[in-house]
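My questions all concern the structure below.
Chain IDs A, B, C and D follow the sequence of writing; residue 1 opens each chain.
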Amino acid sequence: MNEDVAVSATLNPALLTLDDLNAMDADDFVAALDGIFEHASWVAQAAAAGRPFATVTALHEGLMAAVRARPADDQIAFVSGHPDLAGKAARAGDMAAASVSEQAGLGFDRLSDEEFERFERLNAAYRARFGFPFVVCVRRLTRDAVLDSFERRLGNDRETELAAALTEIGYITRLRLVEKVDGPGMPKVAGRLSTHVLDTHQGCPAEHVRVELFEVGRSGRARLTEVFTNADGRPHGVLLGGGPLRAGTYELVFHIGDHFRAHGLALPEQPFLDVVPIRFGISDPEGHYHVPLVATPWSYSTYRGS
Amino acid sequence: MNEDVAVSATLNPALLTLDDLNAMDADDFVAALDGIFEHASWVAQAAAAGRPFATVTALHEGLMAAVRARPADDQIAFVSGHPDLAGKAARAGDMAAASVSEQAGLGFDRLSDEEFERFERLNAAYRARFGFPFVVCVRRLTRDAVLDSFERRLGNDRETELAAALTEIGYITRLRLVEKVDGPGMPKVAGRLSTHVLDTHQGCPAEHVRVELFEVGRSGRARLTEVFTNADGRPHGVLLGGGPLRAGTYELVFHIGDHFRAHGLALPEQPFLDVVPIRFGISDPEGHYHVPLVATPWSYSTYRGS
Amino acid sequence: MNEDVAVSATLNPALLTLDDLNAMDADDFVAALDGIFEHASWVAQAAAAGRPFATVTALHEGLMAAVRARPADDQIAFVSGHPDLAGKAARAGDMAAASVSEQAGLGFDRLSDEEFERFERLNAAYRARFGFPFVVCVRRLTRDAVLDSFERRLGNDRETELAAALTEIGYITRLRLVEKVDGPGMPKVAGRLSTHVLDTHQGCPAEHVRVELFEVGRSGRARLTEVFTNADGRPHGVLLGGGPLRAGTYELVFHIGDHFRAHGLALPEQPFLDVVPIRFGISDPEGHYHVPLVATPWSYSTYRGS
Amino acid sequence: MNEDVAVSATLNPALLTLDDLNAMDADDFVAALDGIFEHASWVAQAAAAGRPFATVTALHEGLMAAVRARPADDQIAFVSGHPDLAGKAARAGDMAAASVSEQAGLGFDRLSDEEFERFERLNAAYRARFGFPFVVCVRRLTRDAVLDSFERRLGNDRETELAAALTEIGYITRLRLVEKVDGPGMPKVAGRLSTHVLDTHQGCPAEHVRVELFEVGRSGRARLTEVFTNADGRPHGVLLGGGPLRAGTYELVFHIGDHFRAHGLALPEQPFLDVVPIRFGISDPEGHYHVPLVATPWSYSTYRGS
């Protein structure tokens, strides 16, 4: 789900450099960026004239500028060329290779019958209302957040939704671009979630504390990872990172009772605090979220830290 | 579930007073206390000689002392006369009226097949091991806590379990007694759970906050109550009280996001804090638990207060 | 300093009742309220016509309305009749008895030479600028707050200051009135400061904790009171109350290290937390300020509670 | 006061390396370490035989082992050779150069007459009682902590104090050694004090917050440093570090009111929180102390973090 999108050139010898892209002729440029904008090589073609780009971010901005420069009708045609979220078009195999992998990461193959019907209705309603498909960068949202966003955006007017679709295509193509191109000024596409457990009963970091991370949705929850804290009270390894965080609701679950018991504290049969859940929302996929737990057997606090 | 056990004489004209019990002759005393100790009128008979009792607590202690004064074999016979938790003995209708109502409050009619089989096996194993039924004051434990206590107590030796059974009968009879008798020095049988919501973003109590209280078990959760806070940030009405709290795991769920939104704070689409769960354990059924929430949209803390 | 301004009729047989004031003839009404408005019996005279008053608050509002109804020149003359804060006028003994006692509570007899000169200059500058004396209800401000308010108000225009003077006279006369009259709907003139100490290392209120309260000023600090917490972690007796709180800066000092040592915690030679100061400001003299300390030997928090 | 004791070889070409010390002949070894142990070249002489030392820590341990191997009388003579804390011996210039600089850092030239007399009496009483001078590594204690330690140690028996003196000489010589020698396995002689300011009203680090650090003593306080936080809420530069922290009492003072006002929050004339002091004790000179402030205008918390 959170694949590393910043594969460096040394790991992937096929990765293009910004220098290469700036230097090659326009046709090669367009061919090299094939797949970033599906069935829309004109975008790269129009952007080629903006070279040289000083940064990869500027390259992406140049590509999106080519889209934004077009009249609304052309933009609508452009958006219409983007694959439908989960309709027959996906199954017909006429999508560019990249779209297929993005949709596999969605979890839409785990929808209940009820959710699938709801999704299909929303999808059809959206297309009927606006005349182009619902476009969203699914890697930046949890599934629940995608469905919520569907409902919310259905209520917008056409102009707003066209702009929203372009913004989302901006996010999608930015993620594809960083997987393909390396160079100075890479766009920031990765967020990070970290935690820290402090035992204020003893006045030191809490080691060996089991911490689970769940994605929380309306119809259930899914465990994403489980970590243990080191001597500094921080997890070995990363909680979430390496790519965009999916906006949505999460829950960190700290097994703090085990920690206090392990330290020989005589706690009641039913300790006041045993398993401590912290539910929080991520709204910025490229943001840094630090969600610590400062605890004694009788109290705790948390805050959005840094 | 938490029926008011302290019905005063003015509400129940049939309620006995301690003065009456001290004054009446022994046979009347025994008859008056019928039902407190099932099928064991000898207890009241033995205790009658200890009159007059200065307090209702002393009366109860006198009754239990009569039991504790007996040799172990008599105590075992006494315990054996206590109704089985959920076996045929219950269905045969040979239990004293009070036992039936206690078991109805257990929720054992909501056990899954798997849990019921587990329960039956534990019950049989206990009786086989110790020669007397598993006795527990079910009003002082959540269902999960009862099952846990079964497993834990199965590992004790016979002497420990006989003492445990007497202790539990002490709790059961104490609850029955306070429903029947009024007088000075009532035993403390009621616990209390309270909360308080403070908005430290604005520096004042949080009004109109929806707070739900759940009992949390291994196989699911049950909502016990829902309250809204008043202008002082405290719930209208009581969260839990009026009788013993059931030892076990609970969760308070504070809909704090709605509060901040209602106050016009511009929060992200996915607010950092929206629904805040606080999971805690109650170990003392007669204790006072104050579990406040001190929150901003970006942080919160809680502690066992007073 | 914080004398009890709500002396009830039962403690002071000379206290007037609202009923009496409503019933007596106008001349008696004016005589009865002598001293509330210094050298300005016309105020009571004008207000007498507004009787009967339903509440003591309404009575006070009626008196102030009589003042506010006058043209600006008359108001200026009225303000000019109010005693100067600490000038010769005070020493000449021509103030009404009430003013003398208010100024004695100020602590202006404890000013350093430098402060006194600064005060005199401000006083003279104010009078020169506005043509009437600086009027402030000194019982609602700490000395530092009075001096700060002097500086701040010197910068206002005449219209603003005239209004400010009347507002202050409103506060002064309201305090005098509640000492003289009893009846329904008493104006709220008393604030309250409370605290609560919770030990989250042990999960219970902290008993026998020594807590000192200081008034903090630019040139030093003065200890106002010292209390010890009871079994519920709250002070025996009141921290501040019984009258208006003086707006200004304060510091609560909690001797929490002694508490932890008394409980046998093995703390380092230099404990991380020993004496914990909490500095806070009071801005609302009639407000309720609850400033708790929630502490372990390694952490603490505080908040404006309720 | 907190001079950098870990001057690397590149900055000080005269710095010896452990390799050099291991390789040179014994006489050169003793000469090279001259000044580490004042007037006691026999220590280095005895330790030379323990070469080669794998780490600088092992070198120091080897030197101290040479001292600890001696009989008590020799140890007493050794301790007696250590300069008196502030007596004539200091002024007579017969101390090794290093001792002079350590005492200059003490601030004993800032003692009031009363304190100086107390100090002189303690010093004389100590020598009279034990027959050797009071030895303490003054760089690891605040002046108040030195005086307290004087009083406390006066109550010990001779054996305990001899051991204490050797331990202190261990600390003193260890600090001298790291200034002179570089190599693998340097002893840990430096502690660190850090802070972090989080604004939980806005949910982000607090930038540009002025933070002062004071040393707090019985007879007054001295400001050690003033810093401003960066965009991550942490001070530019270090609060305390580069050498041992002095055990004692400190106070961080956060000008958080200015921060909230700068962000346009409408706070009362007297804000509830304006200047927030956090008083804490450092007991471990080589420890890491992280003392954050997590604050809104209405609440704050702190804890010993990491």
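We take it that contacts are C-beta pairs under 8 Å (C-beta built on N, C-alpha and C of every residue); 3 or more make two chains touch, one makes a residue touch a chain.
Since we're looking at a predicted model, the values are computed, not measured.
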Third chains touching both subunit C and subunit B: A, D
Most distant chain from subunit C by Cα centroid: A
Inter-chain centre distance, subunit A versus subunit B - centres from mean C-alpha coordinates, in Å: 47
Interchain centroid distance [CA atoms averaged], subunit B/subunit D, Å: 57
Multi-chain contact sites of subunit D, meaning residues that touch two or more partners: 200, 203, 272, 294, 298-299, 301, 303-304
Topology of the chain contact graph, where touching chains are joined (line, ring, star, complete, other): complete
Subunit D - residues contacting subunit C, complex: 145, 247-249, 268-277, 279-284, 298-304
Touching residues on subunit D, where the partner in the complex is subunit A: 196, 198, 200, 203-205, 232-233, 294, 301, 303-306
Subunit D partner contacts - residues on subunit B that touch it in the complex: 200-203, 272, 294, 296-299, 301
